[in-house]
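You will see two complexes here that share subunit A, one where it goes with subunit B and one where it goes with subunit C.
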Partner chain A sequence: MAMKYLDKYPKDTAKGLWVVKPMWTVMKLFAKVIPRRSMTIMYPYEKEWIPDNYRGRPGLQFDKCVGCGLCARMCPTACICLVETTDDEGKKVKRPQVNLGRCMMCGYCAEYCPVDAMTVTPEIELAEYTREDLIYGPRRLRFEGVNEMMEVHIEEHLISNVQKGILDQPTSAFEVDRPVLEEAKCIGCQKCFKVCPVGAIEMYEAGVNEKGKPKKIPRIDTDKCICCKNCVDDCPKSCLHIKEVL
Partner chain B sequence: MMPEPEIKLDSMNTDRMTVIMGPQHPFSHGLWTLKVEVDGEIVTDAEPIIGYLHRGWEKECENRTYPKIIPMADRLCYSASMTWSHIYCMTVEKALDVDIPDKAKYLRIVADEICRIQSHLMWLAAVGTDLGNLTVFLWAMREREFFLDLNVRLCGARMTTNYPRIGGVRNDTTEYFDRDCMRCVERFEKRLWDIIALVDDSSVFVSRMQGISRLTREQVANLGVTGPAMRGCGVDFDIRRDDPYDGYDEMDFEVPVLKEGDTYARYMVRIEEMFQSCEIIRQAMKKIQDMPRSAPYRLKVPSAVPEGTHFARLEDPRGESLMYLISDGTDKPYRLKVRSPIFVNVSAAKPMVQGCRIADVPAVMAMVDMCLGETDR
Partner chain C sequence: MSYSSILEWITFHNPMDNPFYPFGDLYNLPYDWAYKIWEFLGGLVAWLINLLFPGNVVSTWLISDQVVNVFALLLFMLIIFLVVFVGTLLSLWEERKVLGRMMDRRGTQVGLKGFLQCVADGLKTFMKENVVPKKVDKMTYMWTVSLVIGTSVLIACMIPLSDRWFVVSYDTGLLIIMALFALAPFFILVSGWAQNNKYSLIGGMRAAELMISYEIPMLILIGTVILMAGSFNISDIVHAQYDTVWYFIPQVIGMITFFWCSIAESERVPFDLAEAEAELVEGWQTEYAGMKWGLIMLADYFRGYVACAMGVILYFGGWMLPGIGDLNNAMPEIVFLLKTWLMFFMMIWVRATLARVRTDQILNIGWKIFTPLAVINLLIVVLLKFGGVF
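Up next, the complex of A and B:
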């Protein structure tokens, strides 16, 4: 029953000289500690340095965002919701709005953003006077000086690649996973076409349905697709599903 | 030191009195109650009352997808957040039958051991205040700050790390992390001796711990106590060594065991564990540095988990933690059960404090290292 480190410490020192010993120890430590520099800072005037990868409040790069809403669906506390706003050209777009009163700063919105528009920011001083002020709209979410580290990237390796020995091709679900269509189930409602944020879905004429009317079914442009799963979630007949590449 | 006078429970015929310590009491670190029955100054009976912090954690997991549970698992215990999200990821990886890359294993080990050290320092700070030694509290919290800074460098948050992912870890080491890590560990090993000197050289604090609340090996085994409290009673068992997970079999470290079984032994085991954790960090960092920068650290895993039941366990700073998962083939767990080490350890409160003086109760229960987030979940 040996202790590798603590056995080095003299045993039962407390027994001998039982008043003098602790006083001696304290004086010794006092002399040792007093020349060291102070560990505290005068907070509001001095601030601690925060690294770039610090997970403070979420930030948004407004122009990069496509409004797919993956951040809203991925958020564990459901503090993100999509709101309608206008972009610089006056076009109506959907952008995330964050309720910081509920945000737990997990960084999932930045990590799971397919276009790296959501970021983590080192901003931590978030106190407000009212709860309404804690709701950050898309414009207010912007953060000056976003760098590579704040847009958290997913660098996953495919299991099949690792087994083959290919170790230099990091990828992510947004690059390889694509929705596939079960044509027999599709009713041609065009919901997926309307909901796709990047316009990766186009409808084309494919025969007639059982009533004899012409039917349009979606074709997915795999290069444009960012795998946001909006089409899969909105399909009323659940004929779209994500084919996962492993 | 003065010899401990023998305490006979039946000899004093004073009135029994029930003292309720908690839930708002300086000794209860967290929200729990210890109902103590005293005969004069001697404790004759004790009953822990928990459940003030029940949040329905397990039920809440049932309507969340698998990745969303990782930040929730962090919040089971604020000072051992890394090990809790690690055990969750390990369980799901077992269910998926995924073998994670070596680099992810070592990164997890580094993060786990940083978490263990900062958790033990948090405990040491709490013990300091319980024993009335405020300097220990301040110094332990000061040293802990450096490990929290390491956490920030590694994963961007001080305590709720959210670092492991199903199939690996969130990110690779950031720039200068290995340098900072080595320097921090080296510095900590020197500074810890100062804290030890503050407690061990002073008979005031040692006599409040030595010879108090003795538990035998058999008692510990029957009560299901795990972790440092168990190793302080002479049971030589550590999951990191005896049932190695995620690369711990490649690490060379010793498991501190003391056979005294008193409060002081539990204190010593935890202090020694911090030194051993420093060694493990150094070995794991060496292995990470030997690997190429582009080595994989995260695998792409399917979002749905096949049907089945799985469990994984690991050595938490407080004991043996276990998660038991029943999956039904969807992307949400059917049931997730948490075995919290403190829930079991605190049930040993009665044999621990029985026969002690009431003034010793804070010192004895401090060695359990209470954390109510995981106990009540």
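Up next, the complex of A and C:
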């Protein structure tokens, strides 16, 4: 038997009169609110304070960037691509270009930048007249007054540290994870050597291959390496992989 | 004919000496102003004409008693309307600002601390296209909205601001204001029918339903006040309160009930069933566009002003303040308007607090709560009357 509406909510006429409590609440709030200024901000004339590490548009420190392309790989909306430009000395280098029409200001590019060249900026007023104007080249991405608070990092607690009881030393993955080589698979094609943006890989003679010819295999300078994974991605025989430090 | 000085043409008479003075023995301040303004303007024109054509008939006609009276009445209407209009716009502004602050916003910001928002709204609606839907019943559609707006403005102008600021002061003044006040729901019902739209029709029905629930207790309450004061004349009611106490002290139940009924009468939240914009897309106003809608909104605020003014007259001593003696003659109009805006503040407070009642609840509230309370209030007053307290 279905429950009647009136059984569930019996009519209480006295309750209908009871509007005093909400009115009292509103008056209390009104009395609390009226001495101070209201929450509304007169936006174009006054602006809210924005912290330095606010996820605004990405900014780029051109000289710090090594062109590893990790930002382009990590971007969830695929709005970053590497373009070829000339640096201050006239050399051809690859630097990121950001399409801010697609950017969702997540700040991953800045978090994953191994050299902290990509930063977040507190700049949020980005309106332009055309869509083309929203594409920021590497030089235009520069932000005046960049400081270290804008260089946001992605840090993690290593499991080994936690097991040892060290909880206050987060580590950047780019400092500890390093590529390792399976020498047996390597064919000595030198692709990793060519693709490394920081020159951390050098090739050295290491015996001969199965055809009896001398072959060069890479040696990775762990101090120089920034763990950009370019060598891992470009290896044709999948003989490089990142060894995670746990 | 020799040159006549301008001072011979502009003479400020006492308007009560005019044999055609329309207010009997009562002094009327806005009429006095209007009379003096016309004596100045008409005298100036008459003097100029007399300079060009000495000894003509028009000049003497312009400053004769009858003509001055007619033009003074026109100016008098203008003054009365402008004061009510500006007062209503101020209450609109008050609603915007106070409601904003209650929600921790700033409220409107356009010019003069937001007052010019009303002007901006008026200009905006004025420039809109006058759209009339094809399948509406044109005659009823136009007449009903005109009558809603017309009666609202009429009763707003008929509210006396003081002993010396009134349009009519006769013995059934209160009754005629309440009668015209209660007319709007009929027009809303007919208008909702005429618009050929389901939302409007439901809105019109709801207006009628609302009216049968609040009108009875409201009339009982007004009758109670009239019983206590012994007169239908608004001025007499106010003076009776000045002589005894403000009626909200003996009739506190009646005051509260009247307050809620007057909210329902002016169709404001929580009793805005007829125009429930969340469910009925502005209800009975759905098909009205442009300036028609703007005037309907203005009429809503006129009715809100009238409801507050009636509350002030019936329960809060009208334009008099107790205990200040002859100072009451200084600025009774300002006192009255301030009280009205204070009452309107209460309405805004209710609006900021409560949600709209359901259609099935309104009849319960009207008949099971308001009517018994009104009757209890009436009994209290009857006992007080028989006990000889009042």
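The rule is simple: the second predicted complex is superposed on the first by the 203 of 246 C-alpha atoms of A that agree within 3 Å, B and C clash if a C-alpha of one lies under 4 Å from a C-alpha of the other, contacts with A are read in each partner's own complex, and residues count from 1 in each chain.
What we mean here is this: contacts are C-beta pairs under 8 Å (C-beta built on N, C-alpha and C of every residue); 3 or more make two chains touch, one makes a residue touch a chain.
The structure displayed is predicted, hence computed values, not measured ones.
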{"item": "Touched partner set for A:Pro22, first subunit B, second subunit C, both or neither", "value": "both"}
{"item": "Touched partner set for A:Pro76, first subunit B, second subunit C, both or neither", "value": "first"}
{"item": "Of subunit B and subunit C, the chain that contacts the larger number of subunit A residues", "value": "B"}
{"item": "Which superposed partner A:Tyr54 touches (first subunit B, second subunit C, both, neither)", "value": "first"}
{"item": "First, second, both or neither for A:Tyr43, with subunit B first and subunit C second", "value": "neither"}
{"item": "Touching partner for A:Ile34 - first (subunit B), second (subunit C), both, neither", "value": "second"}
{"item": "First (subunit B), second (subunit C), both or neither touched by A:Glu155", "value": "first"}
{"item": "Contact residues common to both interfaces of subunit A (with subunit B and with subunit C)", "value": "13, 22, 25-26, 29, 33, 39"}
{"item": "Of subunit C, residues touching subunit A in the complex", "value": "100-102, 104-106, 109, 349-350, 352-354, 361, 364-365, 368-369"}
{"item": "Of all residues in subunit A, those that touch subunit B in their complex", "value": "1-6, 9, 13-15, 18, 21-22, 25-26, 28-29, 32-33, 39, 50-51, 53-55, 74, 76, 104-108, 111, 120, 149, 152, 154-159, 162, 167-168, 170-173, 176, 244-246"}
{"item": "Complex contacts: residues of subunit B adjacent to subunit A", "value": "1, 64, 67-68, 71-72, 75, 98, 101, 142, 145, 152-153, 155-157, 160, 162, 167-168, 170-172, 174, 193-194, 196-198, 200-204, 206-207, 234, 254, 256-259, 268, 271-272, 275-276, 294-303"}
{"item": "Residues of subunit A touching subunit C in the complex", "value": "11, 13, 16-17, 19, 22-23, 25-27, 29-30, 33-34, 38-40, 42"}
